[in-house]
Structures are given as structure tokens and as C-alpha cells.
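Next come two complexes built around chain A: one with chain B, the other with chain C.
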Partner chain A sequence: MIFDTAIIGAGPAGMQAACDLRARELSVIVLDEQPAPGGQIWRGVERNCQPGSELAQRLGAEYRQGAGVARSFRACGADYRPLSRVWQIEETGPDATEQCWQVFVIREGQAEVVEARRVLLAIGAQERPVPFPGWTHPGVMTVGAAQIMLKSGGLLPEGPVWICGAGPLPLLYAHQLRKLGGQIAGFLDTAPRDTVRRGLPHLSGALRDWKSLAKGLAWQAGLRAAGLRRETGVRQLRAEGKDRLERIRWETPEGEKTAPAGVLLIHEGLVPSVHPTLSLQCEHTWSDAQQSLRPVLDAWGETTRRGLFVAGDAAGIDGARAALAKGTLAAVGIARSLDVLSEAKAKQARAAGDRALSKARATRPLLDTLYPAPEGKISDDVIVCRCEELTAGQIRAAAGRGSADPNRVKSETRAGMGPCQGRQCGYTVARLIAEAHDMPRAEVGFHNIRPPLKPVSVGELASLGKAKA
Partner chain B sequence: MFRPLPDSSEGPTVTVFVEGQPVEAYVGETAASVLLRHLGTARTTSISESPRAPFCMMGCCFDCLAEIDGKGSTQSCLEPVRDGMTIARQMSARKVVAR
Partner chain C sequence: MAQPDHIVIGAGTVGVSLAYGLQKRGQSVCVVDGGASDFRAARANFGLVWVQGKGGNLPAYARWTAESAALWPRFRDALEQCSGIGLDYQKPGGLVFSLSEQALIDRRAVLEEIGGGALPEGVEMLDRDALQARLPDAPLGPEVAGASYGASDGHVNPLKLLAALQQGFLELGGEILWDWPVQTLRTTDDGYELTGPDGETLRAPNVIVAAGLATPGIVAPLGVDLPLRPQRGQLLVTERMAPMLPMPCSGLRQTADGTVMIGTTHEDVGLDTGTTQASGTMVAERALRILPALSGARIVRQWSGLRVLSPDGGPLYTQPEAYPGLWTVSCHSGVTLAAIHAERLAEQILAGALTGDTRHFSKDRFHVPTLA
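For the complex of A and B:
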């Protein structure tokens, strides 16, 4: 069967788009890596929002809101396929009578091909990797990872637990942990100390969404009232230990400090997931405010490849509420492109969606200014490419030897050739190239991404042969 | 490294085998989370043979590659626990294929 739309990702944007497309009676298949709907932000929402669950209470109202969206999604009539890994997306040849996409999926060890007239990538974001000495030690993980442990297994970190980084997520997580009786040894804030001054110009715009601002301030006040140790202006973080994390070291303008550590949770903001759109050679643009790439989209969420749409944080980091609005807008765009929505009706629907999106984005310029991507020098001995264990020194040397081309550096060093395909090192490699050639980061670009998007085993490929035969 | 909330320890569990040892796992958690709780690591790297542990828990770092039900190079953070699942660390060998 050829679906009208294949949606990849069942987070806020994917679920919302599925509901809206089904409401227009289009056939929809939703492919998602997770076992249940919700994406990362609402991960485990069905499981956790059982009546009387303390965890659901502590995770907060915005989390619980996901339960309603997941319920509508389950009832919308989309063909929902959890635990499905997409490893390749292709457009059928120019000789095909009608445009069609093929999405290659692995599910329970079996390869499948899904065919659809339109594809919507609602694949969200990942945490920005920022290398520092010792970040590969067991015991160091991201704040997002710890929050996933909380949402999917009800697990709290223990041992001296340190949180280091900046942004809304570490604050929210610290707040949730405290409410659940977890212990935090300290919060190391890496945001520059002059945040208030820099944030001021964006404050009035952000006040359009004063409720969100008030919530952030309340989290901070709660942590202060609880007597949480907080250090500001933190730089030069190091994780030390023999086979695992034992201690951390950091600097502030007042000097160097050290403390024993069992778990170190780090977070420096989010970047859109762009590997699929990069591999499909869609045009991308560099966002200076968010220091990351994003696919170029038209007003309907369509990429520079006809029939391929992007919604949610994969289109730029704006949060869950904006992701719902972007899901709605993409559904309008898809319905319009499939000629089931007149131009006039589509424009009307878009205006409403645009308004919701602009409101949901009100605090974004402020947040982007308060929590910029860290710029501190990465010392030569730090591992940058976690897969191939390459250091900043090795990458610098390669970057300086020839042209400012990420593909050249990739083939000379193997950085980005491991299984993660540069999801961890790509931006850092590009930054080191930009430094070596003294050019703006926006001009360096990103190395080419080739399929498969996820490693595929020979056995899984063989099962595809059988499925096709 | 991680301890369960009362909600989890009183909730439904399954039995999985971590390198041969039967252990209780909470329904909803992943093989990566079981590895973290019981062994603290998921693999050793192929170049320097240093230990690594799940880092992102959402499929984008590949530091959770482990042997799940006998299948190597599996992203254990994308594998929810099932009753009887076997989980083992992946030592050094570079087994990722089809690149």
C-alpha cells in the first residue's frame, strides 16, 4: 500500500501532524524508534500518567499534557509502528508516474520498505555535544539521558550527583529531582555571568509568555531555598578517574575547585536532528542564535526536496508547544500539496498556526541569548570523536594541513566515520576547522552524510531481499 | 549509580540475564539502563579498550552498543527490557557492519 504520508517520529510534532492528517481522511503511517508515543519530551507519558502516580505529579503539568495528545494520537487511525528504526529514505525514480518515497525500516530485526506520497520528518533534537577532558568516562552522561532514565524506568541518580551546563533542561531536571527526593551535590552553571545584562533586550518580547518565565524563575528560587550548592561562571570542567568518574574539577573567576563525583550530568542546549535531511541533500542554513544547522523550509514546512517536510525541533529548537504548532502547519502544507485542501482554506489554517507558533516561540530569543553554545578552547588532548577516539589535537592538525573541507578532514582522520556518523563530533570538527582557517562557522558546513542513517547488519539486509522477492 | 523510585520497585518487573546473572528489571526501562545499574558500563572501545557507558540514552552516541539476545552491536538504549532477555557488554571487537 502507498500511504498518503509517512511520519517519522512520534513526539509532539509527529503526533499532532498524524491527528490533523487523519482528520482530513488521509492515510498515515507513523514510524518511531521508541516503544510508546511521546518522543523524548513526553517519553513514557502513557505509562507514567496512571492515576495516583507520584512521578507524573512531580514531572509537572507540561509533561502530563502529553497524555492527552498521546490519547488522541492512539485514536486517530494512523498506522503506528513503534520500535522502528529508519535507516534510509529514497525518492522513487523520475520515470514514476507519481512522486513517491520509500522509507527503509528495521523492526524487530526485519527490514521493511514503507511507501508514501509525502514524508514528514518529526525527528526532534539531540543534546549539543561539547567535549571536555574525561567526558567519555562511565559516570558522565547527559542531563537528557538521566531524565530519560527517570521517565522510562523511574530511576534517580545517586553517588555525589553533579549537574553542569546551562539551559532550561538542567534547571527543570534539578527541580524534578529535588521534588522526588533525589540528592544533588551541586549545580555548576556554565552560562556567562553577564546573562541578565545580555538578556534584557529580549525581555519584553519574552513577557508575551510570562507564565513560562515565571516557571523558570520559580524552579531557580526553589533550588535556592533548598540550599542547593550553585557555582556560576563555570569553565574548564574536567572529569577524572581511573576506569570511571571519581572526581570533577572546574574553574570559576575565583579559582580552581574540585569535588568527589559519582555521576556527572552535562547539558549545553539542543541541536536539531539533521542527519536525514543532510543525507537527502536538502538545503540547510546556519543559525547564529542557536549555533546549529537546520533545513531550509518554506512557509508550509516543505524542504527544498518536493514532498519532504520537517516539523518540530528538527526544524529549529523551539520546544514542545511550538512543535505541536509546527506539526499542525506541516499537516496543512501536506494536505495542500496533496490537493485535498484549497489554497484559500490552507492560507486560513496557516494564519492560525502561525499565530500559535509565534506565541510559543516568545521566550526563545531570550533563552538563546541567556544560554549560548560554549566557546571555551578545547585542549589538544580532549577526545572529540567518541567513536574513533580522536583528539582535538589530531583534528586540528588535519584541519590545518589542507582545505577547510569537513569531508577532507573526515576521510583523513576518520572523525565522523564511526557508527554515530558525526552526531557527536560533527559540530566540533567544523568548529576546529573554522578556527584553523579563521573563517566564520557558517561557511564551513558539515561533512556529507551517507546512508545507512543507522548501522544495519548483514542479516537485516538479507531479510530485506526476502521481503522484496 | 541509579536507584528506583517506589513507583518502579513496586511496579511490574521482568527477569533479564546480565552476563548470565538473573536480575530484576523494571518494565519500561531499557537494556542500557539495566547495564548502567548493574555493571556501570556497556562496552569497551576497539582502539584503546577503555570502558564506556550509555551517554545519551536516545540513540545518537552509540556508546551503549552491547550484545542483546546474542546480537552484537545493538544500541541497548533502544531496547526495552523483555522477560528472559540476555544482556552482555561488548568487549572491544568492532562489529558494526554495512557502512
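For the complex of A and C:
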């Protein structure tokens, strides 16, 4: 059958959009990689929020809110397909009478094609990869990955645990970890020391959402009261050890310091997941505030390709509450484009959604200023592309040899050709190109993204031919 | 910048092979390259240095190809030394599989026709057992009846070839202007003038247009009509695998890194460099009929490139009569012909005229009087 809408991702935005579209009696299929709904932010929310769950209490009210959304989603009547990896999306040819999309999915080793009139990408974000000396050592991981382990089974990291980075997530995680009885050796804050002064102009806007601000301040106060060691103005982080992480080294304006470490958790903000929209050659724009690409969307959440919509953090990093609002807005846009919602009603619905979104975004300019993406020079010996084991020095040399074209650098170095398709190195390579050519990062662009978006085997790809024949 | 002896338009494999060859012969050469959105066949190449089966309709092309393949080892040695970049070039011979007894018979007939009644030199037909013996680590699928083997065939990493040609050319003192898409080409009293971005100009007595599919558009205002068309090919590449293919095969080759490249389609879709699941499935199915063991291999990337094709598939080298010193050079097989482009073709361009086999590669071979 041809669904009215295929939604990719069952996080806040995808679940909300599914509920809203079903409320308008449109047929919806939801494809998600995880075994249960929730996305990253609400990972494991159904299991963890069963009555009497200690973990749910410790993870906080914003996490528990996901349980209600997941319940509504389960009941909404969408065809929900967990454990489904989307590896390619195509628009059917010009000879088709009605616009239709084909979404190629692997589920339990079986390849299949899902057809839908509209596609909504609610695929969230990934943590910004930040290469530094030793970041590939076992024992170094991201805060986000550690938090997923927490949500997936209450797993706490062991050994002297250091958290390094900037942003709300490391603070939240440290707060959650402490509540669950985990130990933290120290917190290395990489935000510039004058960051609060720089944030001041955005404070009044952020006060519209004073509850979130108060929450953030409370996390910080809690960590301070617990006597957590905190270093500020941290630069030049290094992870050292023979076969795995043994100690870390960093600099502050007061000098170099070192400490034994068993686990080092890194976080320097999130970037939208743009690989599918890049591969579909949608237009993208560069956000200076968030130092990342995002798809260009109209007021209804539609990309520059008709019938393809984006919602949630994949459209720009704004957090879970904004993702719900964006899911609602995209559902309005999709219903309007399928002619089940009049223009007047659609505009009315949009105005309400816009208000909710605007409020949910109130603290964002402040957060973006408080926690800027790191800008320090990446030393030549640091691995940038993990798939092909290429160093910053190798990329720099290639970048300087010719044009400032990321595809040229990709073809010369293979950075971006490995299994991760540049999810780990793409932004860093572009940054090194911008540096080599002394040009704004916004003008460098990104290398071409090719299918498959997710792993698919030769046999799985071939099996689609047999299924059709 | 002093006026160079030659300007080459296009820093792809064809253009830089010529630039490298000319610079080596004491010429001063400036290469101008296009914009980031150009089609760039050189970056999508499969990497075969291939002789067997080519030139069935154009014997001069068969000879030209064989000569280039013979020049390749020496060309590689010199280029690697000059550029410091290894090319991963090997010449273990190459295979074309037949998936039925009839296909094997047909394949022999095609090759015998090219060879004038007998199999060309270095080509042999292998039955299934003989083929399996040459591929001990690659269990063949049940349909494989055999293959033709060409001793002159080989393969190379085409991206390393391109990087090495550019680097080698620069080492020899050449100059490349990146992101310099040519806006206009016009004649002057003593040669040609190019206009680039922002109205910049460059002059030289000799200009070689090797801009792939953009070539016809650059020379059309001078009244030169080139019959070139795009043909899309889609390819897959797998993750790294244990060595299984000791030699390249048509549509299947294992690279020095261990990845397996699987190709390729022949699609007339205009200037569309997109990929399609249907084509991916088609080439994956064919690969599994030959090597079922590839089934579990993870695909890392699917991409496409546009072949630069003349009506008979052969090279197109032209110096229009009215424009001495202006050359157009395009071909589908820029990797195979890289060696001969850097040597014989560079020599002929320096001498000012095509001689021998290359006379057959002028656009005049396609001149058909218009029917009233």
C-alpha cells in the first residue's frame, strides 16, 4: 500500500507528528532503528518509567514526560516498525501520476520498500565529533553514549570518570549520575571563561523560559554543593595511555595539569543529522550560532524537495520540547499539502504551533552563546578520519594543495569515503579546508553524501530484485 | 605570470595526463580547472587499465589501447617517482565472465573478430575449471561457464592516479588554477584568450580543451561541433575484505585496500549523477551470480559517474582546421589511455598534427552529409 506519510524516527518529533497525522485520519508508517519508541532523549522510556522505577525518578521530569508521549503514540494507530534501518530514499520518476516516495528499509535482515506520498525525517541529531589527541583510545566516549547506557540498563561508568566539554547535556548527565550514586572525578569545562559575559545580551530573551534556566542553575549548584572538582577555561585536552585511557592532560590559563583517568566523557554540543537531506540534494544553510548545517525549510517544515519534510533536532538543535512543536507543525504542513486541511485552518494551527515553538526555543540563543563549538587549532598528529585513519596534518596538506572543494579533498584523501560517510570527520575536514584557504566555514560546504545511509549488504540489496520479480 | 606555451582546460585525468606529458617535454603549461559542481568523470572511475574487447568497431582504437597498456608500467614508474604517490597499479591480466555456455561461445566470437579470425595476442578462453583454478579464493556461482582472460589487462587506483598526475605536473613546474571555470574562449592575433571567473583572462598560443562533457560547450561558439554524450554508470564498493580476487574483472575488482568494487550500469539519463536503488540491486544481483560469497559484504557506498562517449565509443582528438593550436581531447578511457596521452599524444600535439592511428580519432570520422 501507499501510505500518506512515512515518518523516519520515533523520537519526540516523529511520535508527535504521527499522533497528529493519525488524528486527521491519514495513514502513517513510522520506521525507527530502536526496539522501542523514544529516540535518543527518551531512550528506554517505556521500560524505565514502569511504576515504582527508581531510575525514572533519577532521570528527571523531562525524561518521564516521554512516557506519556510514547503511550499516545502506541495508541494512535500508526504502523510502527521498530528495528528498521532506512538506507536510501528515492522519489519515483517523473512518469508517476502522483508524487510518491520510496523508502528502502532493512528489518530483521530483510530488505523492503515502503511507499508513501510524503516523507518526514525526524532523525534527530548526533554529537559533534571533536578530535583531540587520544580521542580514539578505549575509555574515551561521548557523554551522549554514556547517557544512553544509563537509560538502556542503568549502567554507570567505572574508574576515575572525567567529563569534559560544554553544554547542558554534560551538566544534566553529571547531575543524573550523581543522583544514581555514580562517582565523578572532575568536570573540565571547555567554555571560554568570558562566556557568561558574552551570554548576557541573550539573558532577557531566555527569561521567557525561566524554568529551564532555573533547572540548569540548580544542576550546577548541586554539583558545586557535592564538592565536585571543576576546572574552567580548559584547552588542549589530551587522552594518554598505552592500550587504553590511563590519564588525561589539559591546560588552563594557570598552566598544564594532569590526572589519572579510567573513563573520559566528551561533549561539545549536537549537530543535526543531515545525511539523508544532503544525499537527496536538498538545499542546506550554515548556522554560525550552532556551527553546523541544517536543511532549508519553509514555514511548514518542507525541504526544497516537494513532499519531503524535516522536524525535530534534524532541523536545528532546539531540544525535546521544541521537537514536539516542530512535529506538530510538520504534521500541519503535511496535512495541508495532502489537501486534508484548508489553508485557513492550516494557518490557524500553525500560529499555535509557532507560539509553542518560539517559547521552547527561548533559551537557545543563550545556550548557543554560552557553549560555542570549540575553535582551537587541531594539531597535525590528531586522527581526524577514524575510518581511514587520517590525521589533521594529512587533511591540511591535501586541503592546501588545491581548490577549497570538500569533494576534491575527499577524493584525494578518502576522508568521508569510509563506512561512517563522514559523520565523524565531515565538519572537521571542512573546518581544516576553511582554515587552509582562510575563508568562512559557511562557504566550504560539505562533501557529497551517497547511499547507503545505513549499512546494507550486497545480498540484502540484491534481494530486493527477487522480491519484485 | 608569463604567458605559458599551452593552456589545458580541465584538471581531470585526461587533461593532466597531457599537461604532465607536455611539461615533461620542456613546455610551460597552465591547467585551469572548473567549479565544484562539474561532472568530473575522473573521480567516479572504476580503475581498469583495460584492453580486451575494445575497438571491435575501430581497429585503431584497439591498437592505441594496447600500446597504452604496454606503456603503463614505465609511465607508472616515472609518475610515482616524480609525484611521490603510489598508484596501486598492477597488471595481473583481467577476466570477463560468461554466465552461460552460450555466452562463452559468443564472447569468443567477439574477441576473434577483433583479432581478425583468431583470439588477439594475450587473450585466452578459460572454461569453468580453468577459471576456478585461477581464482582459488573466490568460489564461483553455479551459472559461471567460464571467462575470457586478457594478459594485457590491469588496474589502478584512479583517485591516486589523478592525485599523482596533478602532483607530478606541479613538481615539474606546471601550474594549476583551481576553481577557474572558463567563460569564453576566443582567438587573438597569436593564439587564444580565455576568460575565467571575475573577468580574468589568460593567453597562450596553444589551448587544449580536455573538459570532459563540458568540452563541446567551450568550443561551440567557435563553430566547432563535437558529438559527445553522457552515459551514466553506477557503482558499489564494499567494506574491506580478505583477498579473493587476484586480478580485475569486468564489473568486479578488489582494490589494493581490500574493498571490492562492483559495477556498472550503462544508462542514458542525460546529465544526472544520481544513484538509484534499482541499479544498485541490478549490479549486486549480477555480482552474486558470479561470486555468491559477496552476499554478506557490507556496501559502503554507491555512486555514479558520467562516461564521456563519442558515437562509436572511441577517443575524440580534434584540431579544427580553422584553429591551429586549438585541440580538443576527450575519451571514455582516460585511465587506460593516461600513459599514451602523456607520451604519444603529447608528442603529436607538440608536433602540431595527428599521425598514424590517431588520425582515425578526429571528429571528421563522424561527418555525415545532411540528407535533404
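In this section, the second predicted complex is superposed on the first by the 469 of 469 C-alpha atoms of A that agree within 3 Å, B and C clash if a C-alpha of one lies under 4 Å from a C-alpha of the other, contacts with A are read in each partner's own complex, and residues count from 1 in each chain.
Following the convention adopted for this analysis, a residue touches a chain if its C-beta (ideal position, glycine included) is under 8 Å from a C-beta of that chain, and two chains touch if they have at least 3 such contacts.
Because the structure is predicted, anything quoted here is derived from the model rather than measured.
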{"item": "Partner chain in contact with A:152 - chain B first, chain C second, else both or neither", "value": "first"}
{"item": "Which of chain B and chain C A:53 touches, first, second, both or neither", "value": "first"}
{"item": "Partner chain in contact with A:456 - chain B first, chain C second, else both or neither", "value": "both"}
{"item": "Touched partner set for A:253, first chain B, second chain C, both or neither", "value": "neither"}
{"item": "Chain B versus chain C as contact partner of A:418, first or second or both or neither", "value": "both"}
{"item": "Superposed model, chain A: greater residue contact from chain B or chain C", "value": "B"}
{"item": "Partner chain in contact with A:244 - chain B first, chain C second, else both or neither", "value": "first"}
{"item": "Residues of chain A that lie at the interface with chain B and also at the interface with chain C", "value": "417-419, 452, 455-458, 461"}
{"item": "For the chain B and chain A complex, residues of the former touching the latter", "value": "1-8, 11, 26, 28-30, 33, 36-37, 40-41, 45, 47-48, 50-63, 65, 71, 73, 77-78, 80, 96-99"}
{"item": "Touching residues (chain side chain A, partner chain C) in the complex", "value": "88, 90, 102, 104, 113, 401-405, 407-408, 411-412, 414, 417-419, 421, 445, 448, 450-452, 455-459, 461-462, 464-466"}
{"item": "Chain B partner contacts - residues on chain A that touch it in the complex", "value": "33-35, 40, 44, 47, 53-55, 83, 85, 109, 126-127, 129, 136, 138-142, 144-146, 148-149, 152-159, 180, 243-244, 262-263, 273, 386-389, 417-420, 423-424, 452, 454-458, 461"}
{"item": "Touching residues on chain C, where the partner in the complex is chain A", "value": "33, 36, 40, 43, 159, 162-163, 166-167, 176, 178-179, 236, 238-239, 262, 275-277, 280-282, 284-285, 287-288, 294-303"}
